[in-house]
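Step one of this worksheet: look at the structure below.
Chain lettering (A, B, C and D) follows the sequence in which the chains are written, and residue indices restart at 1 in each chain.
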Amino acid sequence: MFTHWIVKPGAPQYIWALAVLGDFLIMGGALFFLLRMVPSRFRKTLVAAVTFLAGLIYSVEFFVPPDPATGENFLTSFAQKTVTDVVLVLSTFALGLGIYSLLRFHGRNLARRRAGWHNSLALYFAFFAMLLSGFWTMMGKSPAASNTYDMLFRGLVAAPGATMFSIIAFYIVSAAYRAFRIRSGEATLMLAAAFVVMLGSVPIGEYLTSGLPTTGFLSNFRMENVNLWILKEPNMAAWRGISFGVEIGALAMALRTWLSLERGSFFEREL
Amino acid sequence: METENRSRELTTTDRILRAFERLQHIDRRVMYALLAVVVAVPLIWNFKQPVVVTWPVQGAYDTIEKMPADKLAIIDIVWDSGTVAESRPQTEALIRHLMLRNKKFAIVAFMPQGNKLAYDSAKRIGSELGKEYGKDWIHWGYRPGGAMIQFMMGLGRDIPGTVKSDIEGKPVTSYPIMKGIKSIKNGDVGVIAEVTPSGTLDYWIAYVYGSYRTPLIYCPTAVMAPEGYNPLDAGQIKGMLTGMKGAAEYESLLGRQDFATRAAGALSTSHLLIIVLIIAGNIGYISSRRRRSES
Amino acid sequence: MNTLTSWLSNSSITQSIALWLAVGATLGIYSILYKENPIYRLVEHMYIGAAAGYYAYIGWAQTLKPLWWDRITDGQWVWIFALIGGSMFYFIYSQKHVWISRIIFGGLLGLVAGAAFKGFAGLNVDRIEASFKPLWGVPAPNIINNIFAMVILLTVMIYFFFSFEHKTKLHRAPANLGRWFLMFAFGAMFGSTVMARMSLLIGRVHFLLADWLPIAK
Amino acid sequence: MDHANLPIAILEGVLVFLILFKIYSARRGRDLYIRRIPGLNAIEEAVGRATEMGRPMMFSPGINALNMPTLQALSILRHVTSVAARYRTRVIVPTCDSVVYTVAEEISKDAYNSEGRPEQFNADDIRYLSDDQFAYASGCVGILTREKIASSFMFGAFFAEALILAETGHNMGAMQVAGTPSITQIPFFITSCDYTIIGDEFYAASAYLSREPTLLGSLVGQDYAKGVLIVVIVAGIIAASVLGVDHQLLSLLSTFGQ
């Protein structure tokens, strides 16, 4: 409507914003009106049809043989470029839901002065500081903007992220200490494998068997080679065994979802 | 009084078993504190520790040793401040080796922070070893990650035309180091080393090694290392430095003990701590089982 | 305002603030190892808030602006429908029209489901072919490895059969063996992750000791 | 693998046929057997324990966006919420994705409604924490410690943060049940949780809990599909031994038609 006939490329951004809003209200309103007329007994069918049609895009793209010259079929560029972009855009619009929920939760904490409300205040502060400094960097190249953004990103996002990641090192120690006991055959087996692999992956473990030759039969018993063998042979085979089952489970689930045969989660409810 | 009587009745083995039993329930905070100590101490005080050079590291070292002096090595930086503790020692060990043997090299970065960090490292080592920018080494600067494949393919056909300018914005052809360097196809690049925490090695294999057989060296973080063994087996990469440990082995080949050697010490001590704790826990477990079966 | 801007233009000031923020965040998060405390709580909330702000900014700057807004202002008006589709999510908050959100969920799930065929082939074709390991006609050590790999792969797969009752020994033995191999593999996975996690910790400790306290330069 | 070639289309066709065939035959009322999965029986026990202690539970549906593992996790969430509604115990659901958050909220509302306890639903218990992996983990740690969680459920796709959640829960003395299709994280759940559902037991969970014929049929079909893969692999091993490893028949799936 507005964005097609009235406003042309090159118009100021605020005019565009108004045009987009106008179109959204008119077309979205019309669609909403149409959807409201759908009788409730057809709603499930409509959702199932949308699900099925959406599923056709990637599956047909995969199974229809490509043109040998380009390696693409009639759907490839639509499926891989347009649809991918649409999904990205849609999920970014959905991000608003999450952020709204987060801010609502902490807003209530603040409004009711619940215990720990000052933490909610800090959350609000960090949110707006990060958001605004981000937008500041988009408005021209000012060193103050990029410095502020960099400062907040490093101090409030990167540093706690890296620390949270590294905290696993502590937990891995306590988990290993507690779980690796020779209680049962299974636990002992797990312990043995973990023990050898841990020893084989650090210099001190390699040092233990550094007396063995680097070639020939005995070299197989060097710590680093034992380690590598465990990871490449038994570990790889077991991994494959589990992954085949998991992938078939996922395939079956995808099939049920696509054909709206799934039960459980949120497929039960009357619409 | 009663407890005293009971303790008198205890046999010696019983008392020992009781003491050992406590090893079953070490407080987690004690373990956390121990871990912090065994990681920090080797980083602060350097102590001598054995370093065994594994064959993938030896392979990387030999590849650089064998590179003809008229060729150019490329160090590809795909890391940023998140993995600086692993990636920087790898980068510095390679830079130091190339400078020590008077081999020419270029740095190129696909991460903005790594771009600067690697530049600082090279400048520092260069001034230490008396190397001149533009003559002995060059930094081609930062390229956005999205342009990586095009950049690699461009290097294959035309290096000056693809790189255009260096980190300071001057045309690369104005530097003596770039004299006679045309393209990878022309055989002007002797080694390509990639330092990365992400899976970008495949691009070099697909777009450069596949076409021109330029020797590749891969320097992943410890998390990514398992993925390197396949191309290593297949001969597509000539050598690999696994995280801090790989960098430490490389430092020992260069006869140095820099950060990676200390960090590898911390790796050893932290692993040893886990092993000791597991053994202690099991001693405690066995003692309590023995005592229970005896009583 | 001007003093603030000139102050922020000085990168050495912002960098030292960033350093102190980072040190505070690092120590604050580690403090949870001792016990839950107000400092951790504060760092946690600021981290979550900053991450939300960061994702909101990135969402606009790296997705919505280039992929949506720039296209509309370039005259590709059909992208209006992406906004309409996106707004359907928000019907979740309406009691009466909540089913409208189902349409968009159904569409997204359909896309994920349709991609499963490609995903299955992409993940498994190479793995299936890599499992074709000869049992004779190759050197002896390889034969031993290959037999080993085959036995592990098959017994593990048998362990995951759900609809057969493991009544007789013949049924039970391979499944039990499969479970033992699984446990061994899990142990190996655990052990091989330790080095990666310790490297991260060393990185953080190095940050504290070298960047903040100049002890371990 | 940009497009299916003939062998891949045949293989996937056979797998899909077996699964669909078993689903439809199960719907016609064939009685089906499933072996015991101890971890899933433990869900009720964990809810009961939280009820006795009078403390809430936490359910994390993993950190992926809305995909197959997450959808399966949400099925399990529905079951857990229903049990919790019967026992009148709170379930706090931290999510790591906006879309997952909205679906989780709907499912949870729905579960309370169908148990006849709509008043028990509390919108503040379904929380969006962050899209950032470790910000999410730090928030979960906060919930586990501050809310004094008695039972913690972790179902869905997890990555490095798995051990953070599981160890914190363990340190809090929570009873923990976990299940994930992310193979690398299974060892960490095994060491820190009371019950761990491994591999595709995760995808069997909704069939096991609901005993819905469609899902049971699908599960049996999956077993047949795994059987087909075993046959293919054994045939491949024999072919590799007889024909030699480099025979083109062995790379039919990946190279056919090229």
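Convention: a contact is a pair of C-beta atoms (placed from the backbone, for glycine too) under 8 Å apart; a residue touches a chain by one contact, two chains touch by 3 or more.
Everything numeric in this text was worked out from a predicted model, so none of it was measured.
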### Query
Hey, what chains does chain A share as contacts with chain B?
C
### Reference chain B; chain at largest CA-centroid distance
D
#### Entry: Per-chain Cα centre nearest the global Cα centre, belonging to chain
C
### Task
Please find the two chains that have the most C-beta pairs touching each other.
A-C
### Task
Would you kindly tell me how far, in whole Å, the mean C-alpha position of chain D lies from that of chain A?
16
### Query
If you average the CA atoms of chain A and of chain C, how many Å lie between those two points?
6
## Note on the structure
Distance in whole angstrom between the CA centres of chain B and chain C is 23
### Query
For chain A, what residues touch not just one other chain but two or more?
61-63, 91, 94-99, 102, 154, 157-158, 160-162, 164-165, 167-170, 172, 174, 176, 178, 180, 190-191, 195, 198, 201-202, 231, 239, 242-245, 250-251, 254-255, 257
### Query
When you check chain D against every other chain, which residues touch at least two of them?
4, 12, 68, 71, 98-99, 102-103, 106, 129-132, 135, 138, 168, 171, 183, 186-188, 190-191, 198-200, 204, 219, 222, 226, 229
### Task
Among the residues of chain B, pick out those that touch two or more other chains and give their numbers.
28, 32, 35, 39, 226, 245, 267, 270-271, 274
### Query
Based on which chains are in contact, what kind of graph results: line, ring, star, complete or other?
other
### Message
Let me make sure I understand the interfaces: which chain pairs count as touching?
### Response
A-B, A-C, A-D, B-C, C-D
### Summary
The chain D residues in contact with chain A across the complex are 2-4, 9, 12, 15-16, 19-20, 23, 65, 68-69, 71-72, 74-75, 77-79, 95, 97-99, 101-103, 106-107, 110, 114, 124, 127-135, 137-138, 160-161, 163-164, 166-168, 170-171, 181, 183, 186-188, 190-192, 198-200, 202-204, 206, 209-210, 212, 214-215, 218-219, 221-222, 225-226, 229
### Query
Across the complex, what residues on chain C touch chain D?
29, 32, 36, 40-41, 43-44, 47-48, 51-52, 54-55, 89, 92, 98, 101, 105, 108-109, 112-113, 116-118, 120-122, 125-126, 128-129, 131-138, 146, 150, 153-154, 157-158, 160-166, 182, 186-187, 189-190, 193
#### Entry: Residue ranges of chain B touching chain C (in the complex, touch as defined)
29, 32, 35-36, 39-40, 43-44, 83-86, 221-223, 226, 243-245, 259, 262-263, 266-267, 270-271, 274
### Message
Using the touch definition from the top, list the residues of chain A that touch chain D in their complex.
### Response
61-66, 71, 73, 76, 91, 94-99, 101-102, 105, 108, 157, 160-161, 164-165, 167-168, 171-172, 174-176, 178-180, 190, 239, 242-246, 248-257, 261-266, 268-269
### Query
Which of the residues in chain B come into contact with chain A in the complex?
26, 28, 31-32, 35, 39, 49-52, 54-55, 81-82, 226, 229, 245, 248-249, 264-265, 267-268, 270-275, 277-278, 280-282, 285-286
